[in-house]
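Okay, so subunit A shows up in both of these, paired with subunit B first and subunit C after.
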Partner chain A sequence: MTAPLEYARASRWYGPVIALNDVSVAVPPGVTGLLGPNGAGKSTFLKLAAGLLAPSQGEVRLLGRPAWGSPEAFHRVGLCPEVDAFWEHLTGLEFLTALLRLTGFGEKECRERAENALHQVALHDAKDRKVGGYSKGMRQRVKLAQSIAHDPDVLLLDEPVSGMDPVNRRRVIDLVKKMGREGKTVVVSSHILHEVEAMTRRVLLIHNGRILAEGDVREIRDLMDEHPHTVSLRARDPRHLARAVVASPHVLSLSFGADGEWLTVQTARPDEFYSALPEAAVEAGVTEMYSPDEDLESVFRYLVAR
Partner chain B sequence: MPIYDQSYRRYEARGGLRQARFWPITREALRIVLAKRLFLVLLLASWLPLVVRMVQVYAVARFPEAGRLLPVDGRLFGEFLNQQILFTVFLSVFGGAGLVANDLRTGAILVYLSRPLTRRDYVLGKLGVLLSLNLSVTLVPGLLLYLVALALVPGQFAEWKLLWIGPAIVLHAFVIALSVSLLVLAVSALSRSARVAGLGFVGLFIGLEIVRGVLVTMADRPEAHVLSLLNNLRMVGNLLFGIAARGAAVPAALPPIVLALGALACLAVLRARVRAVEIVK
Partner chain C sequence: MSALPGPAAGEAPPRDTTRPLAFLPAARGVFGLALEGMVWSRRSLLMAVLLGLPVVFALLYRGFLVAKVPARVTGLDLYAIIVAVYYVRNVLPLAALFYATSLIADEVEGRTLTYLLTRPLPRPAILAGKFAAYLGTTLALTLPALVATFLLLATARGFAGIGTAVPELFRDMGVVALALASYGALFTLLGVVLRRPVIPGLLFLFVWELVVHIPGYLPRLTLTGWLGSLVHHQPAEEGLAGLFQRQVLPVGEGLVVLLAASALFLALSVWVFSRREYVMEQ
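Up next is the complex of A and B:
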């Protein structure tokens, strides 16, 4: 069986900069994590798949056709880009409806599908608010909603949970897993191992434009455990949050940001930390969370040196 | 064995591209533009010259001797459409300067082009907005005036020699709408700010007029007439409606050639700038 997404010796360079270098990989149905530090080539990998860029060399095939120059394939592809890409003057519902019209649905179906997608990402209550007034987490979710609204078979998600609060992060992770179970081909890029690990066990490790490894996330995880993991959280009451997490034996250190809103935590056991977090996060009013990629960078340095 | 290998799924993209893919883009943008009250006022103002011309035709119908002073012939329609050029410029600046620039700034171009659309569909969709606006103040009032003239002074149009006026209105309106629309769209694609694009277009338009004026009057270079978009469009109108030009004229074929080359240059700009991913080399 042909894989829905295939790269055959695909390279892409921007002038003298090589973003993706001689990549050959077949992405099967289910969820695949695309893991790599910032600047590794993850976004280029996804843009090639989404037909937004032509490969400088080699070929990228999507649903049996070249991804570049086959717009008809995009009836069945959803892209959630990393950058904000909105018409800010439209409401969430109008934004999705307009995009569904572009995909070719009729008026009634556009509205139904838009409402359903907003419901799936828990934005239904904010559907009549202008996208320009959405918080960062809501903007992430409306981007995700537009990518799933037309029920695509291939879903390309570029850092989909970046900037989300823990509760919505969990919701999106569950949604991605559900789509993977339904047989859709989902590629999720991230620079956070634990984020990817929560969605899938199959990962592609990308670094400096090359696929370093392909396979089970547990092997990477063993390497990762040697390094402390850093998480930054923005909360209404960071001191309350600090009190809640400092009791955990897995927390190595805590530090407060200069603006008094951010708390940075280093933990030796990210899994336990993330599991215990939602309750404390709700109480302390966590609005944003991200993990810098220094940890992953060190693992990659280790892998490259090996 | 994973579950996905046990079930059957067809991995060929089904169905082709539908027709008129540009239309949802045009419709959405028109909806936004026409929701602005100030823009509607401008649109209404651009129909005022039609009222004046209709009064002129009515006067000739009531008082035939007035036809000697203000004849209802090719000149009436040519001058009317030439007058409307400035309205197309205003409408295009206010309604079209942000059409591509805003998408480039917000990244919305990426979500357009990740849909079953080509870059050509995107450009056609945006061009459709400007063409609709510009034709609504050139072609529609032009044909309306023609119909009114046919109804009120049919004697003037019964002659074979005036039959070309109808097609000339259609052709001139399209030349005006297409030239102005393409230029505004190209300027919009060169910026990420609607304001900068609008000012850029106005600056280009006025700047070329000034250069033309200086070269023609001070350096006595009549061929400089072709530097101005406004003047080229007027010269095409004069040619189509048989209006005699004042002063030294440039060869009749030159303005259409300049406009065609300008349109090609605008298309080249759009081809280079309308991309989902901006590549900085």
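Up next is the complex of A and C:
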């Protein structure tokens, strides 16, 4: 049996720039995370799957047909594009019904499906507001709603939770997992490891247009754990925080910012570091925290260098 | 005889998911979506002003100017100038340029084309639906203004002779539709082929189309030459007649050429659009 989405030695270049390089992969039903730093080729991978681009070389097959030039596939395929673009004069409900009409549904069914999809992304209360007046997170959700409203078998999601608040992020993650359990083929791209990890364990690692690895996300996590992880924290009393964390055997180094508010910690075991952090963070008055490694850029540099 | 089984009233027939939507329903869907966006756009507001200016002129003429203009210049003469010089030669080609070049370009610039290209729609239907929306919008803006201008000017000195002029109005409405279709098809083609089609379009309108004034065969290579020949009425007043082109091309041939050119430009547009990739970046 063939996989719903297959790449056979597919390459794609824009002029002299190679965006995807000799990719051969079969994406089975269930949720597959497409994980890679910005500019790795994730969007090109999805655009080839969605038939928006033709491969420069090789072949991409979607539901058994060439993805390029097979509009009939879109009865069964949904795409949530990365671009934040809408017909701004339409309401959320009008936006969805218009697209459902273009998928061939009758008026009554368009309305029912649109309402149901908006309900699933918690936008039902805002259905009669113009999309132009939606917040960034709402726009993300209505974009997702249009991709699921026709109940597709294959769902291509390009950075679907970007810009969402934690509650809706959770909701969308649950929705994606549910679709995977229902046997749909969901490809979800992200540059944030823990986002993908929350949706699936099966990932494709993409970097510089090549699929670096394919498999269980835990293997990536293990590699990450071997990789020194940097965390920056802004605190009222960074020295107190430093004293609290320096005792941990997994902390490799500490440095203070020039402004006296920031502490940067390098740890070999980020999970254990994060689990031990809350108590010390409260005492030291931590107000901000970020990890430059969250975007995977450094992890990929690390993996590629190995 | 019993009725064949089928969907109940108000229900859509079952979807065939093995092929794209049929051309007509697909084009109708795109038409509805595009029409709403076009009608309520700033472009349409500007075009409504431009296309409605003759109505303002006709009102001024009736209110203030009619007594000052020599009686030998009739309201119908002024109407003829408005149709031939203002509408057919200038404003309709401009309207076509600004609408038709952006049929696809607007969707690319707004990055909404992705939504249309990821539906089970044949690409020719997308273009056809958008072209129909353009024609609907521009005709809806032009024809009422044309009729109002005609009525205001033709009856400025009374209703005498209006009965014989009405067929000319219908003929002019046909010429307006043909002008919008032929220029629109040409500019649709420019819009799908070129990244920046407006300047080449303006050059076509205001440089190439001037060859209509050159005697010989060249006027046959212009759209305005054929369209101008379809505008039937010529004012008797010599000074006004000078505003019209001198060479009148055969009307029957003109109809065939304009319809064939429109069909050819549209077919080429569809061919290009169906094969082209559109890369929309964040």
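Operating definition for what follows: the second predicted complex is superposed on the first by the 235 of 306 C-alpha atoms of A that agree within 3 Å, B and C clash if a C-alpha of one lies under 4 Å from a C-alpha of the other, contacts with A are read in each partner's own complex, and residues count from 1 in each chain.
To be clear about the criterion, contacts are C-beta pairs under 8 Å (C-beta built on N, C-alpha and C of every residue); 3 or more make two chains touch, one makes a residue touch a chain.
Since the structure is predicted, the reported quantities are computational estimates derived from the model, not experimental observations.
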| item | value |
| --- | --- |
| Three-chain arrangement built on subunit A, subunit B and subunit C clash or fit | clash |
| First (subunit B), second (subunit C), both or neither touched by A:64 | first |
| A:108 touches, of subunit B and subunit C: first, second, both or neither? | second |
| Subunit B versus subunit C as contact partner of A:83, first or second or both or neither | both |
| Subunit B versus subunit C as contact partner of A:99, first or second or both or neither | both |
| Which superposed partner A:21 touches (first subunit B, second subunit C, both, neither) | neither |
| Which superposed partner A:52 touches (first subunit B, second subunit C, both, neither) | both |
| First (subunit B), second (subunit C), both or neither touched by A:73 | both |
| Touched partner set for A:146, first subunit B, second subunit C, both or neither | both |
| Subunit A positions touched by subunit B in one structure and by subunit C in the second | 14, 47, 50-53, 71-77, 79, 81, 83-87, 89, 98-99, 101-104, 146 |
| Complex contact set, residues of subunit C against subunit A | 10-12, 15, 17-21, 25-26, 29-30, 32-33, 36-37, 40, 110-112, 114-123, 277-282 |
| Complex contact set, residues of subunit B against subunit A | 2-5, 7, 9, 11-18, 21, 24-25, 27-28, 32, 102, 106-118, 276-277, 279-281 |
| List of subunit A residues in touch with subunit C within their complex | 14, 47, 50-54, 71-79, 81-87, 89-90, 98-99, 101-109, 146 |
| Subunit A residues touching subunit B - in the complex, by the definition given at the top | 1-4, 14-15, 28-30, 47, 50-53, 62-65, 70-77, 79, 81, 83-89, 98-99, 101-104, 146, 153, 181, 183 |
